[in-house]
Amino acid sequence: MATDNTMKVNLKVWRQADSKAKGEFKLYENVETTPDTSFLETLDILNETLVEKGEEPIVFDHDCREGICGMCSLFINGHPHGPAQGATTCQLYMRRFKDGETITVEPWRSAAFPVIKDLMVNRNAFDQIQQAGGYVSFNCGGAQDANAIPISKVDADEAMDSATCIGCGACVAACKNGSAMLFVSAKVSQFALLPQGRVEAVKRVKSMVAKMDELGFGNCTNTRACEAECPKCISISNIARMNREFICAKFKD
Amino acid sequence: MAEINSKIPEGPVAEKWTNYKAHQKLVNPANKRKLDIIVVGTGLAGASAASTLAEMGFNILNFCIQDSPRRAHSIAAQGGINAAKNYQNDGDSVYRLFYDTVKGGDYRAREANVYRLAEVSANIIDQCVAQGVPFAREYGGLLANRSFGGAQVSRTFYAKGQTGQQLLLGAYSSLNRQIKAGKVKSFNRYEMHDIVMIDGRARGIIAKNLVTGKFERFAAHAVVLATGGYGNTYFLSTNAMGCNCSAAIAAFRKGAYMANPSYVQIHPTCIPVHGDKQSKLTLMSESLRNDGRIWVPKNIEDAKKLQRGEIKGSDIPEEDRDYYLERRYPAFGNLVPRDVASRAAKERCDHGFGVNNTGLAVFLDFSEAINRLGIDVVRQRYGNLFDMYEEITDVNPGQFAKEINGVKYYNPMMIFPAIHYTMGGLWVDYELQTSVKGLFAIGECNFSDHGANRLGASALMQGLADGYFVLPYTIQNYLSDQITVPRFDPNSKEFMDAQAKCEKEQEALIKIKGKRSVDSIHKELGHIMWEYVGMGRTKESLETALKKLKELRQEFEKNLFVPGTVEEGMNVELDKAFHLRDFIIMGELIARDALSRNESCGGHFREEYQTEEGEAKRDDENYFYVGCWNYQGNDEKEPELIKEPLTYEAIKVQTRNYKS
Amino acid sequence: MWLIDSSIGRKVIMSVTGLFLVLFLIFHMSMNVVAIFSSETYNDICNFLGANWYALAGTMVLAAGVVLHIVFAFLLSYRNYKARPIGYSTQKNQKEVEGASQNMLVLGIIVLMGLCMHLIHFWAKMQLQEIIGATPDYEGQFTNGAELIRITFSNPYVCLAYIGWFIAIWFHLTHGIWSAFQSTGLNNKVWFPRLKMCANIFSTIIVLGFTAVVIAGYIHS
């Protein structure tokens, strides 16, 4: 609950002027905050003091600040979205850290996610993978009644679990191989589980995987780091399903 | 005085949309290929409009300020989407949804628009299911529904507590298909700064590439704004950090009327403010009110003890709790519309019954539901919200706290109202066209369907209705005579001038080099707005607000500090300053509209105009109109108020009653 | 060819070759365990296999499996390295992430080195001799396998080296076995814990079997 405690932390932040510049860590000492303040608000506080000093504020992606838009993307103290599991960076509160702690903040590191500035990376690769086949091909207006095809609750719930992916890229950031399998498989799974998506399932999985490979993501070695760090706890059973879909699709060729 | 023509079709309300579609002008497929449309925004309205127009054959240029279209703030909607499907056989119908929406909006919405909304609502669900949106289902495999505030039927479709996310991802998937097909060009991390007018019509935009910091010019035959609401005028709101009203204000400056800006929705169930460093407020879904009971202590002494932190909510037994919503509104209980619930909370807190250290919070309690259904069922329904609440406040609402006289009490949540949604927005006619020719506004960006208050689960409905089913038709009525108009040259004088103007404005902001950061001024703006133009407004408070806002604008113009220089690439502070400039204009519009409306209705509550029981008192005789504000050429000059009279044919205007 | 040019295809090759090698290990271990109980029977088995065409064909297939497994391991690792050219200054793992899964290449290299040692110790003295046509030196057979075991493992350092090698194999297998099923799509939420358990049991049995032979060899020497 609301407390009047204040705490001080040191922030070791990656600063990089633009995509081509060589970046480096910069240490900001004694940033004053409170345990009830969120981590991003603490960065706001630091930025405010930087602006007051006439320095450039730290650039980082953030938007909804309620854990759903997938925009925030910081690698904090060795973990994407910080040490807490099942939460995004914006849902990380300072009570997770100790007074006087030095917190290291880095951008996502992946060849497919180049740094734009400071802690901001370009995740356009995810959009491109979705564009490769992450949809059901039908035009607005032609849909039949929503209850015309019953779908078992089990499948619908499982599809929903896959669909909760927020596309933040923490899976890629966490994976030592920079693999995007969890992200891609979540989308493939969602559609593979629903009758609406089955129609194009074969084409979809092939084109999405091909795009993923083309964009320079690494291979999955089943370390499960993605699942452990995913803020929405997406399961690697999705990856198994995508492997199955992909192998079956290729055998059909 | 400017003319208002809302272009409502002839005929009885139930036939208007059918008649319109039967007689409107269309563009043939070969000609669609020759026409370009700019869609600004990729939320539910923007993404659905862009994809549907592209499916039809138009060429779309689609812009968003985030790094991907999927990040638009529609994604954060939790509860659900309404549709008149009557799958639950509880007596729902198009008319009932229409009636509930008009009544929920306190009889300040345009009847014809709302009826059309209710009519297409069923199609939205069909469309989304076909896209692969995993709505919640029953064991039999059919779609599940839940009930929501302001309705007595279960018509809300949902996907866990992430309905907005799933609907947006559905629209985003359709958009992706069109991007792949080459029909939509997607511009991410771009922000619209100005609309380019040629011969009195909107013909393009100037957008800033947020990565390079450079302005770029884009031409098209029509421009659609789907840029959301202006809730961030209040600094603290449930909106995303990036939500802003600069595109709407740019349209306003070009002559688009701003309608009903004072209708601002204050959501009753948000996590209370905890400190001055807070950057945003977190919403707890309204669906919690299905099983949660809202209360404050009956005795003021208990409230005082709570405020001093001497006791906890779970220490107060049933008989000492005041379930004030159930007490005041027996028929709807905890499920009254948002404006009513918010005001009731404010009323209790104003009387000193607030339950946290600031005295600005009420309890939302699940003890009864947990005792009735068991913790597992309750967690299944609201588990993710409980976790979210615990992460933020360190209190677990599902945790057993105490047993008093054989009754088990669990930790209650603390909630307080916060700015959530803006019913007002750019004025549009029945075709969703603003008062500027060729400029359309859809979704939260326009004022159209919710009147003075929006019901829960209706925003998603409106955004998608506009984007999938309304605009793609109505825009053709405008474009049908544009087929011979050749593409515009983005290097023409109009475009170059507009870009030069944007660059000049930007430079001016950087060159102020004053002492105050953007956020410090924005916080002050938020404070003025919440204090004087918030939940309870008076003539005096609004006049004070207008005075203070004028001073604040001068402070902004003279004492703002934006680091960096014009030549540098990305400058986040500069972009925020640009938003703030327009928030201040918007703040003045809200206050001005609130001052002009001497009545209470929906989200606009004037303390002078209330019944003895503290309910909103409308004045249908004098204020049965849409208040449209027309820009007068510069920010200093007071905009002109134009009234669009409301006429109701299908519904009898009554006093809103949620008591019996 | 999708098995070679898609990321999932390459993983399928890793999985199939890996599972094949696991099958071989089970066979090899079963055969070795015989040596603990009866030197004669063990030598009979060795003699039966010898350098007959089926044993040679088996060896070739086995070698191909090993080579494929190794080539693709390096190929995949190279691509993985390229996917993250700049690393983190600090990276920590959540408790769910097992060390073995993060270090399969390192474990694999240790296993490979152990394999070389093992080939020099045994295969070079047994099947290779027969292939190159050396003279049988033991009762019409090429080598007294059981005796060779005892001689080799009379050196405690060799025993320790082998046990170290087995530990690396154990880690490699605990991850590799369930991972092979995952990569070929034969996994889901229900089967995941089962597969993990099976992987642990199998790797333990295999490694215990081999270790028992080493220890028995040391004791009897």
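In order of appearance the chains are A, B and C, and numbering begins at 1 in each one.
Basically, contacts are C-beta pairs under 8 Å (C-beta built on N, C-alpha and C of every residue); 3 or more make two chains touch, one makes a residue touch a chain.
Note that the structure is predicted; figures quoted are calculated from it, not measured.
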Completion exercise
Between A-C and A-B, more C-beta pairs in contact link A-B
Problem - Chain located farthest away, centre of chain B as origin (C-alpha) - result: C
Completion exercise
Reported most central chain by Cα centroids is A
Exercise for the section: Averaged over CA atoms, how far is the centre of chain B from the centre of chain C? Could you give it in whole Å? Expected result: 62
Fill in the blank from the handout: Expressed in whole Å, how far the mean CA point of chain A lies from that of chain C is 37
Exercise for the section: Express in whole angstrom the distance between the two chain centres, defined as the mean CA positions of chain A and chain B. Expected result: 26
Completion exercise
In the complex, chain A touches chain C at residues 25, 75, 77-79, 83, 85, 104, 106, 109-112, 176-179, 181, 209-210, 212-213, 216-225, 227-229, 235-237, 239-248, 250, 253
Practice task
Enumerate the contact residues on chain B facing chain A in the complex.
Solution key: 48, 51-52, 55, 66-73, 75-76, 85, 87, 123, 125-143, 159-160, 162, 164-166, 169, 172-174, 176-177, 179-180, 186, 188, 211, 238, 240-242, 274-275, 277-280, 282-283, 356-358, 387-388, 391-395, 468-469, 472, 517, 519-520, 561, 563-564, 569-570, 572-573
Exercise for the section: Could you pull out which chain A residues touch chain B in their complex? Expected result: 1-2, 18, 33-34, 36-38, 40-41, 44-45, 48, 51-52, 54-57, 59, 61-71, 84, 86-87, 91, 93, 95, 116-117, 122-124, 126-127, 130-132, 134-147, 149-153, 156-157, 159-160, 163-164, 166-167, 190-191, 194, 196-197
Fill in the blank from the handout: Seen from chain C, its contact residues with chain A in the complex are 2, 5-12, 76, 79-80, 82-98, 101-102, 104, 175, 178-179, 181-189, 192
